[in-house]
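As structure tokens, here come the structures.
There are two complexes below, and they share chain A, which is joined by chain B in the first and by chain C in the second.
On to the complex of A and B.
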């Protein structure tokens, strides 16, 4: 008898343990996922609170600071996808292609409160996949040249201005460089940063129809050659040993770089940490112009959401002028709305020439995102490594790389 | 392993009431095993079988898996990168296991002395084992830094050229081996120390009386009697080396130029970066086949290597 008592205790313990793990979660309101630093979340929270006050709909924030798109995919597989998701244009096609997001077109058509004309056309294009809009954009991300005004003044070099060229860059760089100590321009192996060199020379990484790699073609090679020469031939950019483990943002913030190519998201930190005067200028012009990316991120609704009407209310609220202004004031984003971009929320604080971020929009283009984007990006970073350090000529490094990328593109199609 | 048998041993029947003794005990045994069986079944066995099924599909997690038969396996075997990854892995395993065993044995011999404060040294060598690999990697990333890192500074003192430890395709893999050996050395030292202390001192005394030198005693007495420990350390190190992931993830991300992409890291990339679940599962089963073969080989050869195997 003693035994059976113990057995029933054990069994009931097991049942409780199993059932408590399986009970369905009670839905309290909308779930909303986003990435971003703690500072960004601090901006977001009051916005979500304002939404709940206004609509009576509680929002549960799912903060995923790292590996966001990967985690989201696992949530899709586990059928725990949030109602509303913050998404970048790089990650959008993979999800949109599989019907994870709701097509916002019909919702917008029925809702007079949302006017697409309130947003930059380029950002709407970046949030569109195969003719359908899947996200209300929050921001536009592009690249400009950040420069240290103090170094320019000391070297008696005029600041870079709209229309300046690659030839101008080569002309002023020696005066801005002090070997081993200070460099004219930053160097990053990240494709995001060197793609503008390729584009501005008239080349591209992949063909427009995403069928093959085009890095072996003459214009692309000219752009890559120019970029790699900045470092290995002229030494205007720091080598890996010179930079050590320091990132270009750190080198710039400590006054060791006269210029570097980067995006708006560095601004809040620079405002807090940098003591010398600094500003931004457009990327220099090449034979094909001055072309940088116009990427974007915005809010999408899960096709599987059980509360699409409430989700649409939240997305509308997040995309409203007031909400976008809150994000813009911190300096973190280039707003997706021209009305906010032309307001003091964007233009009032440093950098002085913030409008440069807006001026370069018309010539910008979104990053081409094939299905195998993550794998191709990895190959671009890894295979070009020896070319960036000068061990292998760039013309040689792109041959196996391009072959591999073309194979990945074919495999995906 | 062998110890598993002992764990399952049930005391031979005890005199008691008239009901069938085994029925009662078997019921109890199964009941007590149930939690463990459930956990292993749900979280180990089921996923293992599931991933075998997935290896015959194309699946990106977003849609339903699509049956493609053996295509993942044939594609892997036709991919030159697969062979590079396999070669990298074998190179890592060979370097790691050899260096690890030689260093651990050497250290164990040194630490097997009756000296004051020897406990301090034993603790010091065991510390990395209980330290997180992520923390270890961050420290080593600085040690390996080409400009400011301690290693290159020391090379500089000896007028040797600086080495790009993690960014030179020739050095990256050996660099990872060094970190991994340093991290796990203490564990094997403990195993070897236990093995050394199990060797009766009479053998050494008798040999010394007969005039055998230290080296001779090491090769003729210590090494043969350490056979079972060597086998254990060899198998454990080999398995650990095949599974290496965290150091690659933290220090090199499989680069430069795929020089440090080992099987498990590539598997992770395929599964959770490129979301090719089918290809990743196929890779896992190819790795499983290799590991199975190697373990079989080690067990078959043990009779030749080991002079005295005590049944535990």
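On to the complex of A and C.
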């Protein structure tokens, strides 16, 4: 019968599938999880190979392209956690609080090969939770102003320089803006990008002790008001309609923005794709100074790792000068180590004033990361949407938002 | 006049369905510069195949492809075998607890996937199946939907057919295998397409249970083309890889379509 042929084909598929599916090779090496695009993995692979050559320890790379924290949480639940994990300062407290990571303090104390003085103290702080260091940092991530030199030259406006202020921004913005066509500055609803406005006006999102939301206080409101006015009152920044679906990186790369606030990670693409001259400058000064974030990411060891000594060897290797240099050369990161930051690996190549990323570190401030960081970030993005478009005054939008954030903070503590 | 309207409406509908595919293919043939141009450009100028070359050379796309085919073939086979046999039993055999059992199987359809995710992962991890084909295939070998579909199909078989088979000496298995199953081709095609597309497109589960490129399926592989965090995605490259990935889905749908459509209409009129 014709159908029995079909069925037996299906059954044989099944058998082949199951037989070929069995016995994956279990390596004796370390498992190491990381996120990152393909380009980033291409930088990482030779570093891991060099480690294996030197130490004889094979490393199995667990590349998690999306949903990194989600998968890590499941791996914790399933007791299949990798020995070494790449982790950001935003995700660190949630895991550290649950005892997922090993305290690196004792390992560092016994190991003369690692000197904490080799790293920026701010990135070490970002990798620390409740007084314990959980990660050897790879990079320092902060914000600067990217600017299009061509637009400034055409408008006969001098380039922004260290010490420039919010008043300067308002003064030059009209000359850089051509309504409907070109804008002085970008506008992003992402809290990462508008937090420097709040900080530089002397405000904050949450109190230093993480006990309550402080967005309703006068300095924070002044920062938010300044930011939202750039777009809705003065029209120096594009509206949602004007930006269309384009992101600010795209608008900037296509010459539609004179300036926008962003981080080092945009540099590899800008080097490849932007044809006009561009550079970076510090964020403008407000009443409280020019304060941007100091975020970081680095490598942590699982508390449950069965090979902590080998895991420590890997983390040390990844945090070494040579390894950090490899990541830095691509343009993707501000290195966690001053020795690499002051070398050509970071400073050669465009942007010309790369040292701006380093100059702003001393006034930088680590993002305050409570355990409920993810939930709070979602609230900030959702609830402020109507304020960014001008439907609701920002002063009104923050009232219910702040109550909810305070509730989330209390729940978590 | 009426005809003009209906043609216009159909044309509009067809355009709406085809537009995303057209955009996908067009973008895959563009340079990156062109995709970020503002105002947007629609036609590739110059036309380039570079993205396809890149898609195959920067990632093990063929390996992902093979894994996807293997997992889809295995789960489709399993779903068909389990669905047909269980559906037949629930429709044509009498046994104690039949209704309760059937209800329990149906009840599993009410549990959202997300609820199962953590316990299922914990179970698979305990079996030592993480990062193996077992984890991708075994949890998907049978499903309530297939059982339900085949049960409804076999309920509609005339009792006379079964009686005639009995008189000719068929036992229940022979009736199932020689008489009932051959009539169920539309149900086989329907479940086959559903399961194939579900398996081909599923993302979260393979992302969670696979760690290495050797085991990963296409959707997880494609995710690596998307930039992480705040970097900028190389859209034309992603679109080229996606274009390659959707070919089998379209092919399977077209090949089984005639059974599929018949299956939807079958039983609409009771004979």
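The criterion applied here is as follows: the second predicted complex is superposed on the first by the 387 of 413 C-alpha atoms of A that agree within 3 Å, B and C clash if a C-alpha of one lies under 4 Å from a C-alpha of the other, contacts with A are read in each partner's own complex, and residues count from 1 in each chain.
Note that in this section contacts are C-beta pairs under 8 Å (C-beta built on N, C-alpha and C of every residue); 3 or more make two chains touch, one makes a residue touch a chain.
Keep in mind it's a predicted model, so treat the numbers as computed, not measured.
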Item to check | Winner by number of chain A residues touched, once chain B and chain C are compared | outcome: C
Next on the checklist: Looking at A:372 after the superposition, I want to know if it touches chain B, chain C, both of them or none. Which is it: first, second, both, neither?
Outcome noted: first
Next on the checklist: Just checking: does A:273 make contact with chain B only, chain C only, both, or neither of them? Give me first, second, both or neither.
Outcome noted: second
Checklist entry - Can A:244 be said to touch chain B (first), chain C (second), both, or neither? => result both
Next on the checklist: Looking at A:64 after the superposition, I want to know if it touches chain B, chain C, both of them or none. Which is it: first, second, both, neither?
Outcome noted: second
Checklist entry - Does chain B (first) or chain C (second) touch A:79, or do both, or does neither? => result second
Checklist entry - So, A:317: does it touch chain B (first), chain C (second), both, or neither? => result neither
Item to check | First (chain B), second (chain C), both or neither touched by A:31 | outcome: second
Next on the checklist: Please report the chain A residues shared by its interface with chain B and its interface with chain C.
Outcome noted: 3, 7, 10, 14, 74, 77, 244
Next on the checklist: Under the definition above, what is the set of chain B residues touching chain A in their complex?
Outcome noted: 28, 31, 34-35, 38, 60-63, 141-142, 145-148, 162, 164, 167, 169, 253-258, 269, 272-275
Next on the checklist: Can you tell me which positions in chain C touch chain A when the two form their complex?
Outcome noted: 32-33, 36-38, 40, 58-59, 70-71, 73-74, 76-78, 80-81, 117-118, 121-122, 124-126, 130-134, 136-137, 177-178, 181-182, 185, 204, 207-208, 211-213, 215, 220, 223-232
Next on the checklist: Touching residues of chain A toward chain B in the complex: what are they?
Outcome noted: 3, 7, 10, 14, 70, 73-74, 76-77, 94-95, 98, 100, 240-242, 244-245, 372, 374-375, 378, 381-383, 385-386, 389
Item to check | Footprint of chain C on chain A - complex, ascending | outcome: 1-4, 7, 10-11, 13-14, 17-18, 20-24, 31, 33, 35-38, 40-42, 60-68, 71, 74, 77-80, 192, 244, 246-247, 249-251, 253-254, 256, 262-263, 265-266, 268-269, 273, 332
